[in-house]
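Before I ask anything, let me first share the structure, which is written out below as structure tokens.
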Amino acid sequence: MAAGFKTAEPLEYHRSFLKENCRPDGRELSESRTTTLNIGSISTADGSALVKMGNTTIICGIKAELANPTVEAPGKGYIVPNVDLPPLCSSRFRPGPPGEQAQAASQFIADVIESSEVIKTEDLCIDRGKLCWVLYCDMMCLDYDGNILDACIIALLAALKNTQLPEVTINKETCAPEVNPEKRCGLHIHKHPVGASFCVFDDSILIVDPTAEEESLSTAQLTVVTDEEGRLCSLHKPGGTSLSGEKLQECISRATARQREIQKLIDKVIHSVKTAQ
Amino acid sequence: MKDTPLSNCERDFLLKAIEEKKRLDGRQTYDYRRIKITFGTDYGCCFVDLGKTRVMAQVSCELVAPKENRPNEGIMFFNIELSPMASPAFEQGRQSELSVKLNRQLERCLRNSKCIDTESLCVVSGKTVWQIRVDVHMLNNDGNLMDASSIAAITALCHFRRPDVGIQGEEVTVYSPEERDPIPLSIYHMPISVSFSFFQQGTYLLVDPCEREERVMDGLLMIAMNKHREICSIQSSGGIMLLKEQVMRCSKIASVKVSEITELISEALQNDKAARKAGGRCGFAESMPQERITALKTDETPVETTDATERANDIVQRAEAPPQTVPSPVVPVPGVGQVGQQNTWGLEEEEEEDEEQEETRMEEDQDEDEESGGGDVVEISDSEEEEVVVLHPETTGKAKNTGSSSHQQAAAASQKRQKK
Amino acid sequence: MTSSACDTASPRCSSMMEVCEASSVSLREFGCEQSLLSRPDGSSSFVQGDTSVMAGVYGPAEVKVSKEIYDRATLEVLVQPKVGLPSVRERSQEQCVRETCEASLLLSLHPRSALTLVLQVLHDDGSLLSCCLNAACMALMDAGLPMSCLFCGVTCAINTEGEIITDPTAAQEKESRALMTFAIDSTERRVMMSSTKGSFSVHELQQCIAVSQEASEKIFQFYRDSVKRRYSKTP
């Protein structure tokens, strides 16, 4: 009966739960799904992390390569994020070139990296105007169940914290770079941006960490990214029904709490790896 | 989106009118529609209105490595964008037959005619040259896109200024417009395309066909010519046979039209130069018609901000403070952490049939957990650091708070009841 | 280790500093022309200072089967850059404009049909996204599509001194430390869309929203004036 109701009237089905201040999966409105983090999941990558939020699974691998800095910014390296939504993660995605959602997500992650200054691109420069690091951050969705932006940011942050770059020296005689894979050091992470996504139901009800179904039924979505100082790195609301300043403030408060939660999680996991070694 | 098809009676009407030497907009056979040339704020930005047809051309430049077989020559790149704004029949990002045809014709008209001195675009031989890129955007298609594009492209090229460069050895410095005045391109001549459409297998001829006429025409002849009456390119399409005399006659008409249009372009360039020299505002913003009822403009308007600060303070103060304490994450094994109540590491199935399997699996997991907890990690992965160990739901559930997990179970149970 | 995460976060302290009495908050001169293209069902070109965007709307018309939605119209938004082909940046702008338009248009009145909105950038001198939104709204109005509310775009920049600048030019955008674009609806003056760059405090955000809401009044008044000019007997 309930299954039939759910398929025939998905919106009514969700509304009946929201009326009771809970959601079909048993969560409260302002409750995130269980977030599980594993770092160093890919041994061949320079840094990696796997994040699972409910069913949504994102794996992030970081590949560092040596390159020439651009002419405009000789003292800077660069970071190239890419979000991949392959057909394996959901039936809604088709094979072929990245769709609009994947492109918009990649752009959003790039904006967050730039806005939050999680890594200063100056740190990636090895020899001014000659040599720098390029960090290719590939985020792949393995299971799509909504809220990929949050999961991507967590995966990216954890993977960056896990990244170990080899030492590079420049041979004075040949001017060729020499990589010493034995000696590695971590990246300097300046900020810890963490996102919190929300969905708006029926123009007024805010829910946290939406699933794919909730996303498709909602009238608006927004993502708030905050760092550890409580500053905002991004307030991304691509459209949908309008929200007042007060409502946005509620979202921001929730996002700051989420930031602390996740930063603690990342720190603890990183710490556990260090002590285990 | 599909274009609205032309009805049979419309077609008959148009053809009949052409037979009677009449055109829909009241023009004579050899008349061009009104041409209007305006410039944007940037150098190298030009709008051309040909009747209701409207196109925009923008020239840009970039330092690139030259082609291997031509180390001393700059590169010209042309791109005609058939934006869906111009007509519903145009599709974004798809190479249609029309766009290939227009691009090819523009290249022949402007690149192959060698009207631009590409050698002057060389910076360091074999190393760096300027690439000049011409983007032509169609804004409104009311026929004869080719002529409008060719006028826009050549005018934009004439209008364009590239930044000056200094060379010290191998180092190339690009000067900003403030440091050194930008330099115009050197253009030898201005080829302009003129289109002729033929009806009834070449019996009737019209210059500058509009969109309706283009739909009923049998063939098209495009002649690109400069004001010295040199033909730069000639192309006939649509599969009609033309007599030698017809082509000769067309080229004569073209020479007249080209000299008129060249005159107009020089005048427009002159006017713009004078306007820029006078230091007045120029560009698109100024070209907006003021007298039309569909257009409106306002001056700079101040915004009241006195109560903005107050309102912001108010909202921030009234908002609930985020909780200062956060739940502590659980780290069952090094490298894995979890926060939140539910366990979704793929273990919890609500179906009862699975329960037996579930239990055996759980036992296995427990073993695994114990093993890894003991510190002797010997299995599966080559990674020295850690591996994903499937978590046990109960260990985390207990570690968290039992209260909420019982609430979870209750919720799950109620769900199950509903399903039945 | 565990307590450090809590100590570092202090959202309140930031609200005391950075309170800025913005002195020169104004919108550049702006203008709009509607129905300037013959082919589209609705068209407009919106000018803010030197920034200028042209918009064309087609529809409601026949929809491709693959894009058909059974209970409402499919809206497609395309942003065409001035130079080169659309890139990822244009994609994210398209997403912002599309979802804003979807929220204000009454799409359920035209089920199984297609709407296309094409935005052509004519010149970018800052506040491009807000200009796109304004041009889009004017074009939708010109096309006579049923809407539940109007919307307008306002861009705010915060410069290094912490002052708010509305409708910044490209040069001001470059020097700013944070940049925010909001779409405000006409009925309740709430935030329909938000897109930000750079980091900023909560207080700065709320201030920018309040300023944008004030600025939106001016733009909505302009919308009203231009409609009045078009449809009244004595212009």
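Residue numbering begins at 1 within each chain, and the chains themselves are lettered A, B and C in the order written.
The working rule: a residue touches a chain if its C-beta (ideal position, glycine included) is under 8 Å from a C-beta of that chain, and two chains touch if they have at least 3 such contacts.
Remember, predicted model here, so these are calculated numbers, not experimental data.
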**Item:** Pair joined by the larger number of C-beta contacts - B-C, A-C
**Value:** B-C
**Message:** Using only Cα atoms to place each chain's centre, name the chain farthest from chain C.
**Reply:** A
**Distance between chain centroids, defined by C-alpha means - chain A, chain B (Å)** = 28
**Message:** I'd like the Å distance between the centres of chain B and chain C, where a centre is the mean of that chain's Cα atoms.
**Reply:** 19
**Asked** Between chain A and chain C, what is the separation of their C-alpha centroids in Å?
**Response** 26
**Message:** By the touch rule stated above, which residues of chain B touch at least two different other chains?
**Reply:** 311-312, 315-316, 321-322, 326, 328
**Item:** Touching two or more other chains - residue numbers and ranges from chain A
**Value:** 245, 249, 252, 256, 260, 264, 268
**Message:** Residues touching two or more other chains, restricted to chain C: which are they?
**Reply:** 2, 5-6, 11, 202, 206, 209-210
**Request:** Mind listing the chain A positions that touch chain B in their complex?
**Result:** 1-3, 22, 24, 26, 31-41, 43, 50, 52, 54-55, 245-246, 249-250, 252-254, 256-257, 260-262, 264-266, 268-269, 272-273, 275-277
**Prompt:** Any idea which chain B residues touch chain A in the complex?
**Reply:** 311-312, 315-316, 318-323, 326-329, 331, 333-345, 381-386, 388, 391, 407-408, 411-412, 415, 418-420
**Request:** Enumerate the contact residues on chain C facing chain B in the complex.
**Result:** 2, 5-6, 11-12, 15, 19-22, 25-40, 43, 45, 47, 49-50, 52, 54, 56, 58-59, 61-62, 78, 80, 82-86, 114, 116, 118, 120, 122-123, 125, 164, 166, 202-203, 206-207, 209-211, 214-215, 218, 222, 225-226, 229-230, 235
**Request:** Please name which positions on chain B make contact with chain C in the complex.
**Result:** 1-2, 40-42, 45, 52, 54, 56, 58, 60, 81, 83-88, 92-93, 133, 135, 137, 139-142, 283-285, 288-289, 292-305, 307-309, 311-313, 315-317, 321-322, 324-326, 328
**Fill in**
Given the complex, residues on chain A that touch chain C span 100, 103-104, 106-108, 110-111, 114-117, 191, 219-220, 222, 227-245, 248-249, 252, 256, 259-260, 263-264, 267-268, 271
